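The data blocks that follow each hold one structure.
Shared chain: chain A. Partners: chain B in the first complex, chain C in the second.
Our next item is the complex of A and B:
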């Protein structure tokens, strides 16, 4: 039995040797063998579905329906939907600004003033790896009327605020989930910053604020743009946070899509709204890479 | 003019003097903002009177007991694992291949591979979720289980690749050359020299992929039918229709899984690897 196993093993290894010898002669085939499978998976299960969404968004009522642009005209022609898009934009901009300021302040504090960098970074990252829904649920516990916040306020003799299902609740929820995500690129660009430049700026008589505005911030612009993109895009497409924390006055575009797939069952219309989100996202990416990066770089080059 | 510049100089001096203290205060406040909600969640899972009884009059393990007797929740955990475990294995395999190909080979379409392996992070989850339900369920008619596992693989590949690729890049290639000089072929060199060196990175990538997959909600919510919910989908239904203190207990389950996986992953690589995720 063992002998048989050993001989099979020898045969397998001989076969493997032959295969490697065969592939060594053919580097292209070898590359195809390594890169091909993941390439195929990403194409079939990610890229082609996205293309299919583009196609379906031009079909009427169901997949394979007659060609039409009605999904787009219905969406873009409806004042209700445009209000939702506008609100989604406003919320995303606010969230991005709040997260950028708080996240940058935190990253800066960690990089420049802390000795326990690893521990602090770990404490920032860990919440990011817990379930998104759980993190939202944590805030339901706190914000609902009669929840932890209201109880704490009443113990202090203050009136309850009952923030759940309001605009501020949505902002708090988004800030909470995206803060760790934004701190990472801020942190990375700040650690890569050459501290000699800061010293030089101070030696030349600039105070900390001026040094920050004219040296630190421009030189970490790449990290800032990355963080802004990482926060704005998922906020713009989100439906979980407004659904759980926002109530009926804070409907965002993601919720409209969810509705098409979970109750209205008009898939092509849902696909068209998905396209609208994609266009905004792609536009932002291009703007972020061209405008944001380039603008700061030019300022730095000037004498 | 001179007055304003004098003021500016004074502000600068104040900043200079107090910057360290301000930094400590900022760090403390933000970390409290990040961790207090999690602390509240864990604390309220022991509250006798449920989630609306803060501060609780009595602490109890009652909700943990009722969680352990809740077949629907336990089934949801099993369903999640039957998706997450195979998805993690596939993701680790594919991400290692991606990292190896990108690091070692020059071929047409190399930058496209890198882009494709990163894009799922950038494209909003809801857009990809919609695209997947249209294509997997609507066009291909894939079996439900296969669709969900494929969705989880796409969700986790970018993060696993982000962790595994740097371990390939920092690995000293001279060791491989030495192995080949001694007569070993590429495959043998990979298993006996490369693999032992990059193994911690691969395990770390796998742990993070598993954590993400265990938490995955958006793709699953769109692609998977309403029967046999995964744990995140189960909890979503609970929160939306009837909140029970058991949800806090399930939250603690999620927390324990995430924290232990990430700490393990970090101890295997370095925290900096996670921070390079841009």
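Our next item is the complex of A and C:
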């Protein structure tokens, strides 16, 4: 038995030696062997579907329909749709700003003032262990008229607010869901910040606020940009949260796209909207990377 | 009046007593070093003076005013950090001008002062570079300029030179002294490196385990250390165990295993007959004689031994002599007249010796 195992092992290692020798003589094949699989994944699951969407978005009415640019002209010429895009942008900016401020404050207090950082970080990411949908239903329960929030308010002798299906409900839901996504990059960049630099700033006469503005924030700008991107992009494309918490007055563009695919069965139109939104988001990202970083740096240079 | 006066300063971290009731004063324009091994509390003293730590007890008086409780950004003190702590997102000029900007100085005046400072530390033309592009020595100069540009009453140094190689360190020491005399600023320098401290300081504060061992000029510490720790820490020293056999008005008789030798009373801190003592003697105060020589002198120590090792130190040689009576001795003599393996007698005058009561007896 052992003998047989040993001989199998010897055979395997001999075969492996042959393969390595074979590849050693063909460096290009070897490179392909290493780099190929990840590129194949990207190609199959990212590039091809994207290309398919581009193709479909130029077809009329259904997949395989005649070629047209009507999907784009219809979308860009419709005030209703553009209003939805504008509203989506506004909500996304608000959510990103709220999450950035709360998330930064949270990460800062965890890094600078707490001892049990691991425990606190665990608490921050704990909600991820529950399904997104279930957490949204929990918020419906809290926010609906006569729900947890209203009954708590009435116990305190305050009038009910009935927030469900309103703008604030959407903001609350998004803030809750994305907060951990922002806290983690903020935390990472704050832990990398050398505390000597903060002391040096104070030593040179800068109070806490000026130290924060001219040392802490600029040196954690990378983490802030990462967190902001991680929050902004999914918010812009989100459709579950606004559908469950926003009602009919808070339609976002993700809901429109979803509708085209699932209810209206107009895939080409949905694909066209998706393309436009992708271009807008990528454009905003590039602008944000270029000017966002510059903003932080300039703030320091100016007197 | 002293520029800085530290009175009964104490700092506890939980159960650990980092700084234990220390007091010293620094005069305006002095260059003072706090010298001690790692963990002696010297950095904590500096951080207390800078305002990064709050003392458990005691007073810190700067220019006549008690500054305990004053935050660091309101103290007229600037610090050069051990790892320099230059702002990586700012240029060299912005780093130096940082303190001036916090003080609300106009941009053109700030620029002028920064340029002057760059000249002073001999970095003219480096203003627009990033600190990361500079060499270690250049970064040291930037950190120094940044601390000096605000014209503080006192500049604190937390061993900033320790990361430099020997040659660059010696060069920076000289630069420090030049800049100190040019700017007429008071420097307080913390280090574990006696070489740096001896080279640059007017006075030294020797710290061990949170307590001051001795304060004095380099000469005072070297010539008359008050205890074995200081003798050992400042310069090289041979420590020999002995026992006091008798005490009279003029001298103390000490036996190191070769018969009693009379040590003049001036070199001795109150010891009694029968006590165990440590006898400290510098290597250059020892002498070598060929072979076994009998010394008929009550005031001279003599031990026989064999030369085990020799190392050249410029015009001097440092010999390690293995003796039967007192173990290994380091002997520094001119020239190189003796060979390894040679039998010798090591002698030294009793009045060159420092005698300390042994710890724990």
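In the analysis below, the second predicted complex is superposed on the first by the 255 of 303 C-alpha atoms of A that agree within 3 Å, B and C clash if a C-alpha of one lies under 4 Å from a C-alpha of the other, contacts with A are read in each partner's own complex, and residues count from 1 in each chain.
Here is the rule we go by: a contact is a pair of C-beta atoms (placed from the backbone, for glycine too) under 8 Å apart; a residue touches a chain by one contact, two chains touch by 3 or more.
Quick caveat, the model's predicted, so the values are computed rather than measured.
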Based on the shared chain A superposition, would you classify chain B and chain C as clashing or fitting together? fit
Touch check for A:49: first (chain B), second (chain C), both, or neither? first
Of the two partner chains, chain B (first) and chain C (second), which one does A:12 touch, if any: first, second, both, or neither? neither
Can A:137 be said to touch chain B (first), chain C (second), both, or neither? first
Does chain B (first) or chain C (second) touch A:154, or do both, or does neither? neither
Considering only the touch criterion stated at the top, classify A:219 as touching first (chain B), second (chain C), both, or neither. second
Touching A:239 in the superposition: chain B (first), chain C (second), both, neither? first
Which of chain B and chain C A:78 touches, first, second, both or neither: neither
Go through the superposed model and pick first if A:210 touches only chain B, second if only chain C, both, or neither. both
State whether chain B or chain C is in contact with more residues of chain A in the superposed arrangement. B
Report for A:199: first if it touches chain B alone, second if chain C alone, otherwise both or neither. second
Once both complexes sit on top of each other, what is the least C-alpha distance from chain B to chain C, rounded to whole angstrom? 8
Overlap of the chain B and chain C interfaces on chain A comprises residues 207, 210
Looking at the complex, which residues from chain C come into contact with chain A? 50-52, 71-74, 77-79, 81, 83, 85-90, 94, 98-99, 101-103, 106-107, 110, 146, 150
Partner chain C, residues of chain A touching it in the complex: 194, 196-197, 199-207, 210-211, 214-215, 218-219, 297, 300-301, 303
Where on chain B is chain A touching in the complex? 8-9, 11-13, 15-16, 19-20, 22-24, 26-27, 30-31, 33-35, 37-38, 40-41, 44, 51-52, 54-55, 94-95, 97-98, 100-101, 105, 107, 109-110, 113, 116-117, 119-120, 122-128, 130-136, 138-139, 150-151, 153-154, 157, 185-188, 208, 211-212, 215, 217-218, 222, 232, 235-236, 239-240, 243, 247-248, 250-251, 254-255, 258-259, 261-263, 266, 271, 274-278
Touching residues of chain A toward chain B in the complex: what are they? 16-17, 19-21, 23-24, 28, 30-31, 34-35, 37-39, 41-43, 45-50, 52-53, 56, 63, 102, 105-106, 108-110, 112-114, 118, 120-127, 129-142, 144, 146-148, 151-152, 155, 176, 179-180, 184-185, 187-188, 207-210, 223, 226, 229, 233-234, 236-240, 243-244, 254, 257-258, 261, 267, 270-271, 274, 277-278, 281, 285
